[in-house]
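One chain, subunit A, appears in both complexes that follow, with subunit B as partner in the first and subunit C in the second.
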Partner chain A sequence: MNYKTRRFALVDIIYIIMMIVPICFGMFLKVLTTPLSDGISISGARIYFTLPMPVQNLLITESQVNSAIVMVVLLFFCLYLTHGIRYGVWLKRHHFAEIIVEMCTSLVKNNMGEYFKSFGPFIASILALSALSSLITLFGLFPPTSDINIIAGWAILVFILITYYKMKCGLWEYAKSFANPVLMAPLNIIGEIATPISMAFRHYGNVLSGSVISVLVAAGLQGLSNIVFGALPGFLGEFPFLQVGLPAVLSIYFDIFSGCLQAFIFAMLTMLYIAGGFPLELYEERKKKKAQKCKN
Partner chain B sequence: MQSLEVISVNIWQILISLLNLLILFLMFKKFLFKPVNNMLAKRQSEIDAKYEAANEAKRIANEDRLLWDEKIGTIKHESEEMIKKAQNSAKRQSEAIVSKAKETADSIVRQAENQAQFEIQKAQDGIKKEIVEVSAALANKLLEREINADDHRSLIDSFIEKIGDDK
Partner chain C sequence: MEIAISIILGCCAVGAGLAMIAGIGPGIGEGNAVAKACEAIGRQPECKGDVTTTMLMGCAIAETTGLYALVITILLLFVTPNMFINILINTLG
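Showing the complex of A and B:
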């Protein structure tokens, strides 16, 4: 494939556009649907429409739309990074893709061991989805990570994986792992169930509390500004001078740092729980025995 | 437009988000990890092949070197021997030539000596004869018939013999 043809450049441009367009779409939707209000409001995601479903109505909300936006962006980002990747020809983005892949693979290998090395894409997707869902606030969009449903979905998936790997040695071994010692069985069961809940609430609470604190500080600064500079005539009196500066610093912490950190923590906990719950030695022993039985 | 409560649980939303993560996982696997890993594997195999070729070439070179070292060693040995042989033969030849030359020279000298001796003898004889003849003629002229040449020849001969011996 030639890297200087017009076709290659065209596909590149399409990919880049497809990365930008969903975010613009989200911002457009946000601007269209947000009512003008001067008060502070702390609420969940805005509901666009409701689909009737059994048990509970499916609500298509901002968080759903924004997760879809994040996913589309990530899809085209991946496509852009690996566009025309081939041995022998190097573009800068290929190096970048290689760095990402190598970092995720080594992270997984270091934390989970050699057996789980195929978990690289899963951990990478958790990291990317979580981090980007938090960072999407930088475009003024509602962060899906501050919606409990989104995080709960991920946490449940992780819980399913944990349980799957714990059950790999058979149901009896899985049941036995709780009764160790026997008296602690109820606590162990509660602890098992608490794992996804704590994971979900940790992430969700951090992001939500960040946005709540940001809103509160912004509102408080506006009030203070009104008191201090209210006596100034005309436009000068209304302009919230004190809102300049501090909210930006808070945003750097809550939106960027906390978002990335929580994504990393979520991925880290996923790896530790899955690898920690899996009795590798027992599994290998059983495998050996089974192989011997087959031979006999 | 309505908003959700801050905490509101909706099963379908949870399910959708779960599926979202799964889909993203598959996307990452297919579009990011697979091509990159394919490329990495290809590169690794290429590097391995190159290393193997390099090692093979090194091995062959080492073998060749050993072979040549051996060859060079034997050649050195051979050449030394050859030089020694040549030196020996040259010595022998020179000795032979020198001895032959000496012999020839000796024989030439001897011949020359002999010839000289002979010449001397011849000259002496000639001179004796002449002297005898001259003296005989002289005596003949001086004494006329008083002295018969034949009678006195033996006398004169012995006389001249004496002269020759005195010399």
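Showing the complex of A and C:
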């Protein structure tokens, strides 16, 4: 069967271009909006423009635009991986897609149990979004994960899911689970509220601390090379020789390793909290009783 | 006015330094976790993967208190001085 026609290749090329174009667009926007005299500085997300809204002006920031870019890139990457997938046709990328799906399904099954096996796509999308948001620093863009607003959004989404699965046995059971020893009820409520806050701060703090340390090291190396090579004549005296290559060693740890690890930990904690908060035995008992009632 | 602003800046810097004392706790805790993980791998090399994953998870959770301190430090260094100085200027004129 000849599947590699000219149309097939054309669609492939369009997908690959659509993966690269958003990143170039983000770089272009960043270059346009960054003021020229801005040296090395620690700053938050830049505000691109503001939309007038009735209650409060809506700020479109760098982190929002970059997370949208990440989503578009991921969408076209997935389309590229599964393009033309059907029975009897196997390209290399189809196997790659199958490996990813199988890994995510087995991860979810091992950590959440049989009842939650349909959670695979959700966990996989959280993993991919979080990892790529941190890795986007490699293109020189502002990582959306070092903005508390983006991470807090994800953490609140996860918190709503956790609460939904805790409430599946009814509101009364949910309220009773707080007063397990009755005196501990206030502490339990505080602990429940602390879940999304700690999840958000963990990811945010790790990525932010990495970027702050990288900026500090880069600024320090610039000063050091000014002292060491400052006496050289002309261009040689101004060029920061020590800044070449050395910050990249830090970047391997802070951007690549730490970003991927935090994505994995965020997904892992999501799975553990959702599966741990859900009272499976109680839910199955109630289901059996309901079925019996319906029979009678 | 200048004295008040310099007191605000100095106190913010001292507070940031004091807040980062919290970094001691996660350091000791993660060291213990990694030491135990090394012992476990030495005893049973075949379950290296499971032990490493669990250790990384535990380390990430132990790190949380340190990260709270980091967030407070960054707030103290970059956000609060401007806020307090603005309040001062608005009230004193």
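Miscellaneous remarks
To be clear about the criterion, the second predicted complex is superposed on the first by the 289 of 296 C-alpha atoms of A that agree within 3 Å, B and C clash if a C-alpha of one lies under 4 Å from a C-alpha of the other, contacts with A are read in each partner's own complex, and residues count from 1 in each chain.
As a convention for this text, a residue touches a chain if its C-beta (ideal position, glycine included) is under 8 Å from a C-beta of that chain, and two chains touch if they have at least 3 such contacts.
In this text the structure is predicted, and so the values were computed from the model without any measurement.
Superposition model on subunit A: subunit B and subunit C are shown accommodated side by side without a clash.
Once the two complexes are overlaid on the shared chain, A:265 sits against subunit C while remaining clear of subunit B. Residue contacts after overlaying the shared chain place A:13 against neither subunit B nor subunit C.
Look at A:45: by the touch rule set out above, it reaches subunit B but stays clear of subunit C. In the superposed model, more residues of subunit A are touched by B than by the other of subunit B and subunit C.
Touch criterion met: A:208 reaches subunit B and subunit C at once. In the superposition on chain A, A:157 makes contact with subunit B only, not with subunit C. In the superposed model, A:124 lies in contact with subunit B only, and not with subunit C. When the shared chain is aligned, subunit C comes close enough to touch A:198, but subunit B does not.
Once chain A of one complex is fitted onto chain A of the other, the partner contacts of A:61 are limited to subunit B, with no touch recorded for subunit C. Within the superposed three-chain model, A:97 lies in touch with subunit B and out of touch with subunit C [touch as defined at top].
Once both structures are fitted on chain A, no C-alpha atom of subunit B lies closer than 7 Å to one of subunit C.
When the two complexes are superposed on chain A, the residues of subunit A that touch both subunit B and subunit C are 42, 208. Every residue of subunit A that touches subunit B in the complex is listed here, in rising order: 33, 35, 42-48, 53, 55-59, 61, 63-64, 67-68, 71, 74-75, 78-79, 81-82, 85-87, 94, 97-98, 100-101, 120-122, 124-126, 128-129, 144, 147-154, 156-157, 208.
Contact residues of subunit C toward subunit A in the complex are 56-57, 60, 63-64, 67-68, 70-71, 74, 78.
Those residues of subunit B that touch subunit A in the complex are listed here as 1-25, 27-29, 31-33, 35-37, 39-40, 42-43, 46. The touching residues of subunit A, counted against subunit C in their complex, run 42, 198, 201-202, 204-206, 208-209, 212, 261-262, 264-265, 268.
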